[in-house]
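Chains here go by letter, A, B, C and D, matching the order in which they are written, and residues are numbered from 1 within each.
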Amino acid sequence: MAALIRNGRIVTAVDDYVADILVDDGRIATIGLHLDVGGDVEIHDAAGLLVLPGGVDVHTHLDMTTSTAHTIDTFGSGTRAAAFGGTTTLVDFCTPLPGQSPLSALEDWHRLRETACVDVGAHMVLLDANPGTLGEMHTLVRHEGVSSFKLFMAYPGVLMVDDGALFKAMRVAGANGAMTCVHAENGSVIQALVDEAVALGLKAPKYHALTRPAILEGEAVHRAICLAELAEAPLYIVHLSAAQSLAAVTEARDRGIAVHAETCPHYLFLSADEYERPGFEAAKYVMTPPLRDHSHQAHLWRGLKTDDLQVVSTDHCPFCFSEQPHGMRYSKQQGVESFARIPNGAPGVETRLPLVFDGAVVKHGMSLNRFVEITATAPAKLFGLFPKKGTIAVGTDGDLVLFDPVERWTIRAGEHHSRVDYSLFEGRELTGRVKKVLVRGQCVVDGTRWLGRDGMGQYLRRSESGQS
Amino acid sequence: MAALIRNGRIVTAVDDYVADILVDDGRIATIGLHLDVGGDVEIHDAAGLLVLPGGVDVHTHLDMTTSTAHTIDTFGSGTRAAAFGGTTTLVDFCTPLPGQSPLSALEDWHRLRETACVDVGAHMVLLDANPGTLGEMHTLVRHEGVSSFKLFMAYPGVLMVDDGALFKAMRVAGANGAMTCVHAENGSVIQALVDEAVALGLKAPKYHALTRPAILEGEAVHRAICLAELAEAPLYIVHLSAAQSLAAVTEARDRGIAVHAETCPHYLFLSADEYERPGFEAAKYVMTPPLRDHSHQAHLWRGLKTDDLQVVSTDHCPFCFSEQPHGMRYSKQQGVESFARIPNGAPGVETRLPLVFDGAVVKHGMSLNRFVEITATAPAKLFGLFPKKGTIAVGTDGDLVLFDPVERWTIRAGEHHSRVDYSLFEGRELTGRVKKVLVRGQCVVDGTRWLGRDGMGQYLRRSESGQS
Amino acid sequence: MAALIRNGRIVTAVDDYVADILVDDGRIATIGLHLDVGGDVEIHDAAGLLVLPGGVDVHTHLDMTTSTAHTIDTFGSGTRAAAFGGTTTLVDFCTPLPGQSPLSALEDWHRLRETACVDVGAHMVLLDANPGTLGEMHTLVRHEGVSSFKLFMAYPGVLMVDDGALFKAMRVAGANGAMTCVHAENGSVIQALVDEAVALGLKAPKYHALTRPAILEGEAVHRAICLAELAEAPLYIVHLSAAQSLAAVTEARDRGIAVHAETCPHYLFLSADEYERPGFEAAKYVMTPPLRDHSHQAHLWRGLKTDDLQVVSTDHCPFCFSEQPHGMRYSKQQGVESFARIPNGAPGVETRLPLVFDGAVVKHGMSLNRFVEITATAPAKLFGLFPKKGTIAVGTDGDLVLFDPVERWTIRAGEHHSRVDYSLFEGRELTGRVKKVLVRGQCVVDGTRWLGRDGMGQYLRRSESGQS
Amino acid sequence: MAALIRNGRIVTAVDDYVADILVDDGRIATIGLHLDVGGDVEIHDAAGLLVLPGGVDVHTHLDMTTSTAHTIDTFGSGTRAAAFGGTTTLVDFCTPLPGQSPLSALEDWHRLRETACVDVGAHMVLLDANPGTLGEMHTLVRHEGVSSFKLFMAYPGVLMVDDGALFKAMRVAGANGAMTCVHAENGSVIQALVDEAVALGLKAPKYHALTRPAILEGEAVHRAICLAELAEAPLYIVHLSAAQSLAAVTEARDRGIAVHAETCPHYLFLSADEYERPGFEAAKYVMTPPLRDHSHQAHLWRGLKTDDLQVVSTDHCPFCFSEQPHGMRYSKQQGVESFARIPNGAPGVETRLPLVFDGAVVKHGMSLNRFVEITATAPAKLFGLFPKKGTIAVGTDGDLVLFDPVERWTIRAGEHHSRVDYSLFEGRELTGRVKKVLVRGQCVVDGTRWLGRDGMGQYLRRSESGQS
């Protein structure tokens, strides 16, 4: 069935106009004034609403297993939460188990992904740059539609690779038209600080932040940029949180180096003050990098304005705060004795669009065009999803969000659709709310009603990344 | 009569897709696949062609009188040349005579403008910041649609204002939603160098360049930025030519200051080597700022890539090289005895789009989106013309260029439509050529045929500038 | 009579050791352990004291006449005050009257200088760069020992020169081995701000500061550097007060450009908070540039540490606060109706050394060597006085300060030797005090006793400046 | 026996004057005009000569054993060569064998050091930051006079430590008043490049340079600075060779961070062009970092001028070019089959002073004061040797060089005193030559005559380092 969105204010990364949109067979067929349609067409009145391209969140960890923990959202629950938040496209991280090959990990990931309600692509995490791994990269990009890889400069002994491996992976990625994503923190020095803190008995959640100083993120970002410059390969810094990191990105971008970076809503709106919460409550805010001192926020907003930050993603990596029937692996309570055992990560996939709208457009005067760019267009372009996703144009998938720019509401974890039991932003009042969401022309969210179904999401075989 | 452009590859600053465009009553009514239209519609087949928004050139000097010279193009001849070059919107500089009020100058300008073939807006040059002048600024912005002002930091005794006047004008402009454009060179030091050169008998055209060193442009750009920052007003640097200037712009933009800059094709493609041409031939290249050493070009290309330069304009300011029947005022020959008397300026309005396409897209790998942005979208947005001009979207004026991206051709002044008798780029081979041009849906250029007419251009009452 | 300083801890810009110093015939003849001298030698026991080279203050305005004011200290009173503060060398500004030639002004200056108690050189202020003025510069450097010139970028209509004149003077200065000193503030924009404030009735002393924002100093410093770089001439920024200015100096020095800068004690220790004093009291702090926001101080201390600031001078320019019998020209009271009529300037020649010792060495951990460098050696080297002044070495003038590094005392204007009736630092407690001062071997200060006499100071014919 | 140096032009880092110097009991007792001495005094006429403090070279590898090679100079031969070159103080690197404790390594080093002819101190190389090693650092600084440590960011599997270890060592060093010296190259990425080159059969000496690109030095320097800043400990970058490295140092020093750096004569005077020499000849120039592209030299000279480089050391690490009777371990010939097996290092201890004098003073216009500073004073101050070494002042050791600033001569390995069989600078003509050298008052070099003896050098127990 076709869908017609009438009289909405259509906003893309560059345009802003009022017209009707006809979606047929999942794609936008016609945009025009007073479109005349007959037959089997579902009509959505968007008068007074913004019509935005569906949000694109390129940083999630759904149904993820690590050696000590497991994220609480399945692809079903996580993508439903995303849809309610106006996000219709995810690129999720596929993380091999120790010793597992990337292609084998991708098979496992696909099995879990089948329940997704919105379209989902995969980044592949690389745990090494051995010949076997490097050899599979070509297959992943060319045959599996996985055109981005992620490596860790942190978590020694678990996820961290050395600089030689990072460099080798960057070169192979670049040669194959793929993006290299990097978690940039100096893991070796952080480990020294963590060991020292633990040895001194400093085990409260706040020591998570105190053992991961901003300068060690800035250092690693600079290092990653040097390696990417030498490798002549595009680079994407995930979850950039610190002024020092942004300075390194800005300097490189000023020279025209292909460096890109995302930040996350929690770095824009929250600070290390949260770690002063009493008892174990602060564990809710234990993610990596940690929340920073307030002073970093102005830098991040500056970066979003000057395009030194291109994307706002969520790093949705949900662990419950309370104990869970399925076991400790799903809960922050693992770390009650020591911050070093708290699963790192926090939820956010459902609140990204409204938080950024409220913070950026309403409070910081960001243009609607730029809002669309950082939440949909730029990530789609950077990760090989454009023009299928990320814009509103003839031929594009009919992923559309009808958004009320003036409605006020309050974030409540109790009303969310993720399986996680808390929100970083509990009680925060926002202006701007998702009203309807269409996935390839099908309305899946109508106010608080869920009209979608598990499994309706498709796998996104992405084209080359980082080639803009 | 409506117009339908079929099967073109439509490119905007963000999108790139194949569809049909229906222009009705001068504006884009519908964009879609296989549009079904009946009746009185002119059909243009764009298969294999790019369909671009009409070019926007925000720096021209048509029919301009100065104390010693007069540009050779009328609005009729200049806008026809523009149209043949794919540019359908100009913002021309209205320059008061000494002692004349801006509003009076605008009246004179309108009389000349009536012959224009494409739509034209006006920037107002300010020769002082006296209370009378400042008082007219509000009227110009709010009632006359003149939302940008230009002041000169060069040409002491003729056009130059002191820093206090520049600052006062910036504040009034900013408070009224207007952009301040600045010709940034340190006129006082340049005058000292010119006087010295003339006194030493160094009068060949090349001394025009040697007495205007790049550092004096960089200094003035930095100064203008400081004043704009203090005035909290948006700034636009015209004809930026030097690495030092770009460095100042980059530094300010990195901090989020509202500074914008254009460069011109001659700075991107030509260098001070031209001043080594024998005899008086070098006078053809006497414009201000002068052509720079080769080494500056890489910086300018970098700036276009990193968005530290947002616009490529022409500074079309045509004086004939040979003697003219109408008198010396129209000719470079005035300066045959001394570079200091050569009218400063060069033509270019017709060659901008193909030169930039060839240089940027074909040779430097710039994306088509970015090409559209720097030649149409960004200038339209910066100068209050968007979304009427500068994009392809429903509701936008039907100013469209059908462009063949692979045709090769050679620039010849003899085939141009300006009244000027030379080209800076004579004999240069290019890839990419304008095939058809529509102004508000009416085809005015079809290959080498002119289908437009003098006077069909409309005056563009602009909304606020510099507010993006 | 010779003098022997026994057992002092001798500190130069590089060395630090205990020895005896024998001064004979005004110059240091021998430095050694346990010097054995007979005959007519005055012996000073310096055990437990620092022995420092006499301070060099290269920024004073003694007995200076401007169009509206006159500084209260004669060369006699000013140099006596200097000596009590451990400063044995001044370079004072000779300021021509309107229309007066530099050489004529120097004659007048010499007449006033004859009462000086310590050795004094002259900088020449240039009010224009006319051929006559430029012509005298060679004579001043080569025959009069005046190897530095000062021009103003502020005070339009009174002292300000345009950029062309500044540039021309820099070139002639550089070619003659002379330094160009610049008062760097954008006078034209400041005038616009002052006129506006006065027109709005904002006339309290604090508007002096509010109409001279730091960015306008930074702008002018950057501009002066560009002109000096083009002129290939050394530059000295006087009384640098703002972070923006220092950033420009640092950037240029990082590239090896011959730019130097001084700051003054009041910028290091006081802030714009002083302008909040009740009534007209704030007028005491009206100097140019004005005191800045607190945040600038850390930058200035950083600059002293990293050698981006080379000198601390006083800009001693004393006007009494209370009404004076000699008339209003000597008093701040001129400006009681409007800040724009307050004579700009403040005293300081007597407190420089102890203030800097306390602030830099005691509180900021600066090395003694660096303390000597910024208060004596560097100014002597920069202004053609070295090695006659500024160090302790065989052959150097016997200008020595015996300084107690641990004595605590309190600044009181009532105990000072200047004729001015207030101190910027009234009541400030310091560690470190001048105990004895020798001028060319003659002890002129012994505790609170004055042993010198008016006229014993010599004129310092300086060699080339800015040539280090 | 005392020594009297008559009528020399004495130059220190700040002063420059003519006087006599009396050295008694090894130390400077008196400096004065026409010193009158009787008795047992050896008189050296220095008329027309410079009298300089003995050179201080803080980077040598004498009699050093590595897993695959052995430097050819003993302390006897190496220090004799140093003395002939005007260098009277060395700080040599003590390198433990794998598994050996620092204190044990120091014992071995002392046994070898006993033959030294000039005074020698030790830096301690750290191969790890295990508790045992960290525990010995305090003893080394406080009891053994070893107040500096060196760690390697290069040579994985041999000398490289990870960032955590580097950070831990920095903190302990800083807390104990010791300097951390770092060999800054990204060893992990270099290893990847070397492995790749070798696998591709690219084994000629030039691949040593091609597998160690400058950006990997710059990266490591930046990283070391971040770690030192976090550790709040002083840092010294050894053998800085690249513009990128210097930029990182400059940026940090501009902020007042305690970062210091040395470069070496071969980086100032030679370039990667040497690797184009035919056959195996290029192996002579295989040192680490490798010689760089010409363009880096201007940056290094800039750094010496602006004090972003403080020291010129030699990194004297001599291996013979030809086969040696003692075995391959002493010769470059080890690497004839593959650059990866060439012992890294080159000689230079004898030519440092004259090379720098000729290059810096004669050709680059550096002041004599600055020449003394970078070759003697600054290294002495940075490494706890001042004022015993590094200046000419009463109480300082009588280590003096009589230097003819105008004599021209040619470097010939055949005339050198090192045991190595080649010079990097063979055939280079220089202006300025060492004429006489005194060690603690004793003349050891008189023209080409050697008057010293093995074993006369003393061990230098250094005080705190990096505390200036």
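The criterion applied here is as follows: a contact is a pair of C-beta atoms (placed from the backbone, for glycine too) under 8 Å apart; a residue touches a chain by one contact, two chains touch by 3 or more.
Computed from a predicted model, the values in this text were never measured in an experiment.
S.K.: Work out the mean Cα position per chain and let me know which chain is farthest from subunit A.
M.R.: Using the mean of the C-alpha atoms as each chain's centre, the farthest one from subunit A is C.
S.K.: If you average the CA atoms of subunit C and of subunit D, how far apart do the two points sit, in angstrom?
M.R.: 41
S.K.: Using CA atom averages as chain centres, what separation in Å is found between subunit A and subunit C?
M.R.: Computed from C-alpha means, the inter-chain centre distance equals 59 Å.
S.K.: If you average the CA atoms of subunit A and of subunit D, how far apart do the two points sit, in angstrom?
M.R.: So the centroids are 51 Å from each other.
S.K.: Indicate the residues of subunit C shared as contacts by at least two other chains.
M.R.: none
S.K.: What is the shape of the graph in which nodes denote protein chains and edges denote touching chain pairs (line, ring, star, complete, other)?
M.R.: ring
S.K.: Let me make sure I understand the interfaces: which chain pairs count as touching?
M.R.: In this structure, the chains touch in these pairs: A-B, A-D, B-C, C-D.
S.K.: Taking the complex as given, what residues does subunit A use to touch subunit B?
M.R.: That would be residues 10, 12-19, 22, 29-33, 35, 250, 253-256, 302, 305-308, 367, 373, 377, 387, 391, 393-396, 468 of subunit A.
S.K.: In the complex formed with subunit A, which residues of subunit D make contact?
M.R.: Residue positions touching the partner: 162-165, 167-168, 186, 188-189, 191-192, 213, 215-216, 218-219, 222-223, 226-227, 229-230.
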